[in-house]
Amino acid sequence: MAMLTITRNVRIEWGQCDPAGIVFYPRYFEIFDAGTILLIEQAGGMKKFQLLKAFDFAGFPMVDIRARYLRPTRYGDDVVIETAATEIRHSSFDIHHRLSKDGELAVECFETRVWVGHDPKDPEQIKSKPMPAEIVQRLTQA
Amino acid sequence: MAMLTITRNVRIEWGQCDPAGIVFYPRYFEIFDAGTILLIEQAGGMKKFQLLKAFDFAGFPMVDIRARYLRPTRYGDDVVIETAATEIRHSSFDIHHRLSKDGELAVECFETRVWVGHDPKDPEQIKSKPMPAEIVQRLTQA
Amino acid sequence: MAMLTITRNVRIEWGQCDPAGIVFYPRYFEIFDAGTILLIEQAGGMKKFQLLKAFDFAGFPMVDIRARYLRPTRYGDDVVIETAATEIRHSSFDIHHRLSKDGELAVECFETRVWVGHDPKDPEQIKSKPMPAEIVQRLTQA
Amino acid sequence: MAMLTITRNVRIEWGQCDPAGIVFYPRYFEIFDAGTILLIEQAGGMKKFQLLKAFDFAGFPMVDIRARYLRPTRYGDDVVIETAATEIRHSSFDIHHRLSKDGELAVECFETRVWVGHDPKDPEQIKSKPMPAEIVQRLTQA
């Protein structure tokens, strides 16, 4: 099964790096988060704020995240990030990001997110709900 | 007239500094923004999200900001930030932040913000509205 | 005199926006800073970390910054940012950023930066030094 | 064996939250990183930039990180973060952060970091080196 994959070219910015001259690691998660959103947007065929209305849900917050740092990246580095779903369940899904520099893997990140809606009992709370079949289908058929 | 003043002691963090070892300047604005919110919270006697409900408004977005950088600060530096209103108009106000290191001014920032509510014609839009007299009074009488 | 201008298309990201749904204003400065670096890199013909070595300097820290917010931008907005120098002096320069949405100016920012080298008396300190003629020439002749 | 533990009280800031009103998850890592640095500083008895000189090393970059999100936190929330080492090896160590709200665990994070020095063969590269016995001792004896 060929998964829908988003590939982005990103230049590491000065402001993303710390006094050691390498990326301050929380910045990678900002880059990865944008990738997950782009992936879901591409599967849904519209931007996230339109998706929230069209599919009546409240987002896909993180439940569990893991990242491995294999080699540092520095400001000015041009990196490539590949993002794809690796598993989709009833109301949650896994994402895998691979950030490479000069063709070698530098950072990889594994996310588990849950698809949520507003809780009918308390609209300020969120509650998991089934992922739309249409989005699941497009995520899994590239 | 003695203005209500918030004074905070903040340690500059590693992740706020860039490869030159000094604070990446947008990080100062994160520090200053927290100061403005604390000032309004102290004037209003509750946290911002409670204020929004109690005074039926949508926030106090920035209209104009200016900052001067007199000396760099580095990670590990313990700085002091003083925040006070300098002028209050019908539906907008000016804030002055002074960030000092070892008793000397390092950065100062001048903000002009507008007090806004949701536009009755279009709830997704915001529109200026008068500042609550109670908050104005407390901001100006320390 | 036609100034060298950098034009970028940027999508406002979810993580750059606050609970009011609009860009948290310090994030604009991250976007603008990247523009100033790109401009100097294009003038110098190489990336910043190569420039620092080639022209023996330590960076171009901010001295004074001002920004005006004319209309809010939200996540998913596709904005255009134009960056150019507006004045160049012996060892300092002014930059103007214009961020537009749907062809209308949303935010503009005016920077004054100083060109610095390491202080020969104390390598941990920085000191202004003349801007390289080659870079000045390319910034001012588009 | 009682591990040295750092406990901090932190208020979640407006600018750390996203349009859903909850903390944008990369911001947690900024909070956690500051905790790890404080822990090492307390073990070493000085600030990080002094430690780097005193113990002749280049930092303790992340190798592997994992976080679990059990309940969301919102701006204005007052949270408590406890940080301690859980395992210390020859040149790497594990850190555990527990972020609680109203006495209940909201986020926990597990870090593996490596203690590095500058590579003698290439000073621009980093290389693992043994952790100082003095710091190990203080981390493990509270």
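Going in written order, the chains are labelled A, B, C and D, and every chain counts its residues from 1.
Note that contacts are C-beta pairs under 8 Å (C-beta built on N, C-alpha and C of every residue); 3 or more make two chains touch, one makes a residue touch a chain.
Every value quoted in this text rests on a predicted model; they were computed, and no experiment measured them.
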- Message: Going by the touch criterion at the top, tell me which pair is linked by more C-beta contacts: C-D or B-D.
- Response: B-D
- Farthest CA centroid from chain C: chain D
- Provide the C-alpha centroid distance between chain B and chain C, rounded to the nearest whole angstrom. 24
- Message: Roughly how far is chain C from chain D, centre to centre by C-alpha average, rounded to an integer in Å?
- Response: 32
- Query: What whole-Å value do you get for the distance between chain B and chain D if each is reduced to the mean of its CA atoms?
  - Reply: 29
- Could you say which residues in chain B touch two or more other chains, in rising order? 14-15, 20, 24, 26, 30, 33, 75
- Message: Give the list of chain D residues in touch with chain A in this complex.
- Response: 20, 22, 24-27, 29-30, 33, 58-59, 61-69, 72, 126
- Message: Quick check on the complex: what are the chain D residues that touch chain B?
- Response: 13-15, 30, 33-34, 37, 47-50, 74-76
- Across the complex, what residues on chain B touch chain A? 14-15, 17-21, 24, 26, 75
